[in-house]
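Next come two complexes, and both contain chain A; in the first it sits with chain B, in the second with chain C.
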Partner chain A sequence: MTNGVLLYAHNSRDIDYAQLSLISGGLAKKNLEVPVSLITDESTVDWMKQSKIYNKAVDIFDKIILQDRPELTNYRNLRDLSAQHKVPFINQTRSSAFKLSPYEKTLLIDSDYFVLSNTLSEYWNINQSVIMPDAAKDINYKDRMKYLDRYISETGIKMYWATAVMFTKNQEAKTFFELADCVRENYETFANLFRYCPRQFRNDIAFSVAKHIMNGFEKPMEYTLPSLLTSLDRDSLDHVSDTKLNFLIEGDINGKYYPVSIKNCDIHIMNKKSITRNYENLVNLI
Partner chain B sequence: MNFGYLLICKQNADVDYIKLAYALALSIKNTQKQGYDKIALVLEDRSLVETLNSSWVFDEIIEHPLPEGWDGRSYMDKFTPWDNTICLDSDMLFVRDYSQWVDYFIDNCELYVPNKAYTYRGEEITQDYYRKAFTANELPNLYSFYTFFKKDSGIAADFFELQRKIIENKNEFSNLFLTNRKPKVVGTDEAFALACKILDLEDKISYDLDFPRIVHLKPMVQNWPWPANKVSDHIGFYLNKKAELKIGNFQQYDVVHYVEKELITVELISMLEHIAWKK
Partner chain C sequence: MNEQFQKALDFSNYRQTLAVQRRELKDRVSARLTYGFAGGLFKIDQTLINFVQMLCDMQRTENIVLIDSNDNPILVENLIEFREEIMDRYFTSTFEYFEEFNKLKTKRSVESLIND
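Up next is the complex of A and B:
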């Protein structure tokens, strides 16, 4: 069976997802020792060439798979320390991962999820069609995750995080992705049934609903990927020293930050601008 | 094997407990294997059962006065006609076969009282909103809604004897043993827990097990982010014609202790009856 990692990158005017995917893909390749492929679009590839990172991309990625650039329909507020911007982002094509993945077993990850350990290698041989994390763990000593980070609604189902999804190319996983796509297409209808807020499409929610339905509408006994260690968008990746990632974490009192370092831990870094600010040093980790 | 469920029903002006016991009995008949589906009902007036469409769901009907202020469940060991009994609260529903639990209890226990309950989402209840006195007085977290016992058990006899004394002398026991925080009412759960603690029986009668799994629909322990008066204000209760029960977005496979008595409607009973008639 071929195992591999898959990433998506569609640049927007605010975030250079191509850069992010290079770091994320490179780290996954190095630490999991499996091939990595990228799903992207022509304009993003053009930008990679223009910004002279395309050769690096060819180096890192086993395959660069082109798809039509999806329409920009989704916006979200993204914080970078205290600054806040409304930015467009493209997240509605993730369900195509099943069809487009060149691997029999795929680890689909977000481009802001950095694999800095080989922990996920332990999961390739698990006999379960779709495995996802069902929790996020705050990098802060005091958990800042809110209720709606644990459940998709106040009375609803548990949140699975689509930041990392391991799936096998089989009928069950195919149905799962088709169902997730059905939830995306009928997001408001499912919001009435599952009581989540439909204002902004989230893969986490679509995947959680699909998983819950596939699991027979109950909390199952199943494998999950490890909790996602997460630094929030109001934190910042400050600098990279050797193999250590050094963050400034927003504390309890607004405006006060304190340092936190991590090493050899997989991490989801929500402040994407702070990743691109550290691009050169992060690329050196690959 | 002589095994059966026991329901003790005291009618009152506000709640038709016979109707609730009838719904539970139908759900037991519909879901349990033969030999695991016997039901005995204790009530004051046998004629109340005769008006039901299918009174045959009760294998034994035991008439006994249940005076006001007298806790009938304290006498479960005296009332039961079975050698092996599970005494249930009336406001519960069975949704699948649980006979494997019964087999375990018969083979391994003289008396077992669960120490866990679950939310409709299948999460173990950890909040003590309704059980502050348990926490403050370090009482074992016993739930009397599903109590297994053997009729000839010495442990069960001692336990029931003491919990009857507690129920009969609530103030005295409360003043002596529940000094850190007095419960509003010393009910069956509190009496069970205190008896268990005094007799030091926790390891014998309420050790950790993954079953029985009982969904307890009290509103303040559902892990919701806000206070709630009624579960049904926030989530739906859906029973289909196959008697499959969904609460909110969750299919229920465990015994459901629904608490809100008005959830048992004429329509719901009619659906349960139709399944029982076809079985």
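Up next is the complex of A and C:
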């Protein structure tokens, strides 16, 4: 059975997802020792060539799979320390991963999820078609995560995180991805049923609903990927030294930041601008 | 701001960073003690090691069914090999935990916690 990692990158005016995917893909390839493929579009590839990172991409990625650039329909507020921007982002094509993945067993990850350990290697052989994390863990361990980071709504079902999804190419996983796509296409209708806020499409919610339905509307005993260690967008990746990622974390007492360093731990870094600021040093980790 | 209060705040920042570094280390060790085997997932801890060692002592070392961390039955064909693997992982991880934990204990400033 071939195992591999899959990433999406569709650049926007504000965030260089191509850069992010290079770092994320490179780290996954190094630490999990499996091939990595990228799903992207022509304009993002053009940008890679223009910004002279395309050769690096060819080195890192086993396959660069092109798809039509999806329409820009989603916006979200992204913080970078105290600054806040409304940025466009493209996230509505993730359900195509099942069809496009060249691997029999795929780990689909976000480009802001950095695999810095080989922990996920232990999950390749688990007998379960779709495995996702069912929790996120705040980097400052004080749980700034709110109720709506654990459940899809105040009265809704448990949230699974689509930041990392491991799936096997089989009929069950195919049905799961088709169902997630159906939830995306009928997002408002499902919002009426599952009581989540339909204003902004989120893969976490579409995948959680699909998982809940596939699980027979129950929470069964099932395998989950490890909780996602997460630094929020109000935190910042300050600098990278040797194997350590050094963050400034927003404290909750006096509004000041305090430093924390992470090594050999997989981490989801929500402040994407701080990743691109440290691009050169992060690439050196690959 | 008076100097004593500033000192207290600095110390508070130190304690905050130290607490996070300790938890991060604990989680890292815990992740390394997760063992995927034959389609199941085992948490390597003293209970698992004891049970496996007891079975080995009783010469029951072939085709043993163990219950994994998700309560699924997993067939272990060769328990001796399984024991060697979990022992190796357990001692490597706990030794690393011990070393890193002791390093953290000696750090007295935020700078040394982060940079060393």
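Here, the second predicted complex is superposed on the first by the 283 of 286 C-alpha atoms of A that agree within 3 Å, B and C clash if a C-alpha of one lies under 4 Å from a C-alpha of the other, contacts with A are read in each partner's own complex, and residues count from 1 in each chain.
FYI, a contact is a pair of C-beta atoms (placed from the backbone, for glycine too) under 8 Å apart; a residue touches a chain by one contact, two chains touch by 3 or more.
Only a predicted model underlies this, so the values are computations on that prediction, with no experimental measurement involved.
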Worksheet item: Which of the two partners, first being chain B and second being chain C, lies in contact with A:I157: first, second, both, or neither?
Response: first
Discussion item. I'd like to know which partner A:R199 touches here: chain B for first, chain C for second, both or neither.
Written reply: neither
Worksheet item: Can A:T119 be said to touch chain B (first), chain C (second), both, or neither?
Response: second
Practice prompt. Look at A:E222 in the shared chain and tell me whether it touches chain B only, chain C only, both, or neither; answer first, second, both or neither.
Written response: second
Worksheet entry | More chain A residues in contact [chain B versus chain C] | C
Discussion item. Residue numbers of chain A touching chain B in their complex, please.
Written reply: 147, 154-158, 193-195, 212, 216-219
Response to the item:
Given the complex, residues on chain A that touch chain C span 117, 119, 121-127, 137, 139-141, 221-223, 226, 229, 241, 244, 246, 249, 251, 253-254, 256, 258-265
Practice prompt. Enumerate the contact residues on chain B facing chain A in the complex.
Written response: 121-123, 222, 224-226, 234-235, 246, 248-253
Worksheet, complete the sentence: Seen from chain C, its contact residues with chain A in the complex are 9, 12-13, 16-17, 19-21, 23-24, 27-28, 31-32, 34-41, 70-72, 110, 113-115
